[in-house]
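These are the structures, in structure tokens.
Each of the next two complexes has subunit A plus one other chain: subunit B in the first, subunit C in the second.
For the complex of A and B:
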């Protein structure tokens, strides 16, 4: 009986301890820019889901590609139908990142740190390693973070037709902005 | 005389064709955004049903619901306003439920109706399903 109680207590305490180290938000802002002098191509969504596990310095991000909003409805249609092929399957419908903050961060301080985040970025069914430059501001109530990285669409098997290749930047800049809150479940 | 009449007819024909062409290119290029309040929902379902459809077979559910207008009903478990003034209503479960996002313009348009939706009440939203992350996401929502 005592043993069982002990197991339950350790279990409860263990999960409580674990949960304290996890921060999350489901409203991360993600935008990308592939503008050229010929065409402004900017898209944004507020529906990024992201977690930080402070004990392992791990970061996870995921976003649904059909949630991106462009300046024109036509761009949204092209983005999802021709480039991302979002409706193909669940993998194509999402973009994901899973990585580690490689610069040491003092989670107890509230000073902004310039950090490097490295990991696997998956979209259009292709996974590649990327490195993002991040600014992380820890705090008692939550963690604020911004990050930026660049990708080349061709690396992710996204073919850009010659007819529009002058209008779409060769390198796409992706920016994220998230205000994390402690994860309680 | 007849020849010039024929030529004139052809020229008019070509001109009208070009105008229609320009107009349709212009229309497609400036295609209006989907207004979910004017669309008929292809599926009417409970939030719990939508969640279980996605959890049991995400691929099948993605094919079935992605980008479709759906109407979903469930208990409000979380309400939050984002800094861009859009509102998010979590149905059925605050963490792994259905997230219905109402764009800022719609929060003004349907302000009175949305104000009546409190935690614990049942609510229905019609919107565009974009898939599942932790929760099933429905965006561009309008209250039903």
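For the complex of A and C:
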């Protein structure tokens, strides 16, 4: 019986360790820029949900496309109505990323590392491989990270009509800023 | 189990399972767990702040200004001498500003009866899905119209030149393509054409849109005007029917339409429409909307 108790205690301890490997935030900032000399197109949200699993170097992101705020209300409406088609179905409502940090990171140090994050980016129902350049600063209380990557709207089946094609950049820059804390369930 | 397993271990095991929901979970299931239900408010029920002539449930958001230019040609049945109405035209200009997301003020000027109008549109309920679910949206519109034309000698003072409009806008965006709006309307004219004309008019508007593509929509709008004594009135009035196409290009919306109403404000098109679709009293018209933003970065 003592053996069983030991197994359970070890199991409990093991699980606790496992939990410490997971970091999380619900208010990651995500912004994108597809400005041209003709039009400033910038939007931001601070409602990105993201996890890092240190044991696997795994990263996940999820954000509602309707949470992006624009300076022009009409632009925000067109972003959701005409381009992202956010309310067309459940899949279109979210943008997601699932990938791994491919550069080794020493999670025990507190030095900023330039790392590469590779994985699947999904939006408008289309998944593509992307590589993001990230800066990761591990720390005792949490992990600070920023990342940047570029996408081409057409790759995600987002049609841009000829009438506005000069106003929207061919390549969109997406920037992410997240301050992770240990995940408490 | 029956005695072989002490009960406390079994209970302890259960507690362990309860205390460690992380056990055996991956990031995907954690993500799903953290995705709290959110409320998504419906937007873009209509492309523009007007369905055709009348107001739609849409209004300018905070610090957005809309400049509208609306134009109606003359009636198609006015003959070749008038180039089937194209020689003639009325214009309505307006500036409409969103003070907050739920309150909009507008001022306008029309060549028809040289009116000046001012209105307030107030969003009372928003349609939403998700955590908070409401299947419809509701707004209230109040508008004052001042007829500045000197054509009617009986309009001797300011009071006699006023018309008041009150509308409830009840709308639902059924899906991405189809939206419908009901617009119960109460109109009060301080001075009417004859003794038989009622100062108070009640009308029910029905308007809808169907999106043909992301940027093009088909609109229709009809106002049923209740006139109990229509048969004895010296002038035959008709209910205004407007059908149009919305074309959206970035910051502009173009509305091209056909209507039997010449006026572009409620007192005119609900109260005074005398042309009939059946008799070819149809005019071609368009509305152009341009939105300016005064939001700081």
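Please note the rule applied: the second predicted complex is superposed on the first by the 175 of 185 C-alpha atoms of A that agree within 3 Å, B and C clash if a C-alpha of one lies under 4 Å from a C-alpha of the other, contacts with A are read in each partner's own complex, and residues count from 1 in each chain.
To be clear about the criterion, a contact is a pair of C-beta atoms (placed from the backbone, for glycine too) under 8 Å apart; a residue touches a chain by one contact, two chains touch by 3 or more.
This structure is a prediction, so every number in the text was calculated from the model and none was measured.
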item: Combined model on subunit A where subunit B meets subunit C, clash or fit; value: clash
item: First (subunit B), second (subunit C), both or neither touched by A:90; value: first
item: First (subunit B), second (subunit C), both or neither touched by A:63; value: first
item: Touched partner set for A:161, first subunit B, second subunit C, both or neither; value: second
item: Which of subunit B and subunit C A:80 touches, first, second, both or neither; value: both
item: First, second, both or neither for A:71, with subunit B first and subunit C second; value: second
item: Partner chain(s) touched by A:49 [first = subunit B, second = subunit C, both, neither]; value: both
item: Touching partner for A:133 - first (subunit B), second (subunit C), both, neither; value: neither
item: First (subunit B), second (subunit C), both or neither touched by A:27; value: first
item: Subunit A residues touched - subunit C or subunit B, whichever exceeds; value: C
item: Stretch in clash, subunit B with subunit C, out of 77-85, 113-121 or 131-139; value: 131-139
item: Shared subunit A surface residues [contacts with subunit B and with subunit C]; value: 26, 49, 62, 64, 66, 72-74, 77, 80, 87, 93, 185
item: Of subunit C, residues touching subunit A in the complex; value: 6, 9, 12-13, 16, 19-23, 27-28, 30-31, 34-35, 38, 40, 42-44, 60-62, 64, 98, 176, 214-215, 248-251, 291, 293, 295-297
item: Subunit A - residues contacting subunit C, complex; value: 1, 4-5, 8, 11-12, 15-16, 18-19, 22, 24, 26, 49, 51, 53, 58, 60, 62, 64, 66, 71-74, 77-78, 80-82, 85, 87-88, 93, 98, 161, 163-164, 167, 183, 185
item: Parts of subunit A lying in touch with subunit B, wherever the complex brings them together; value: 26-27, 46-47, 49, 62-64, 66-67, 72-74, 77, 80, 86-87, 89-90, 93-94, 185
item: Residue ranges of subunit B in contact with subunit A within the complex; value: 28-34, 58-59, 62-63, 66-67, 80, 82, 84, 86, 88, 95, 99, 101, 128, 130-135, 137, 139
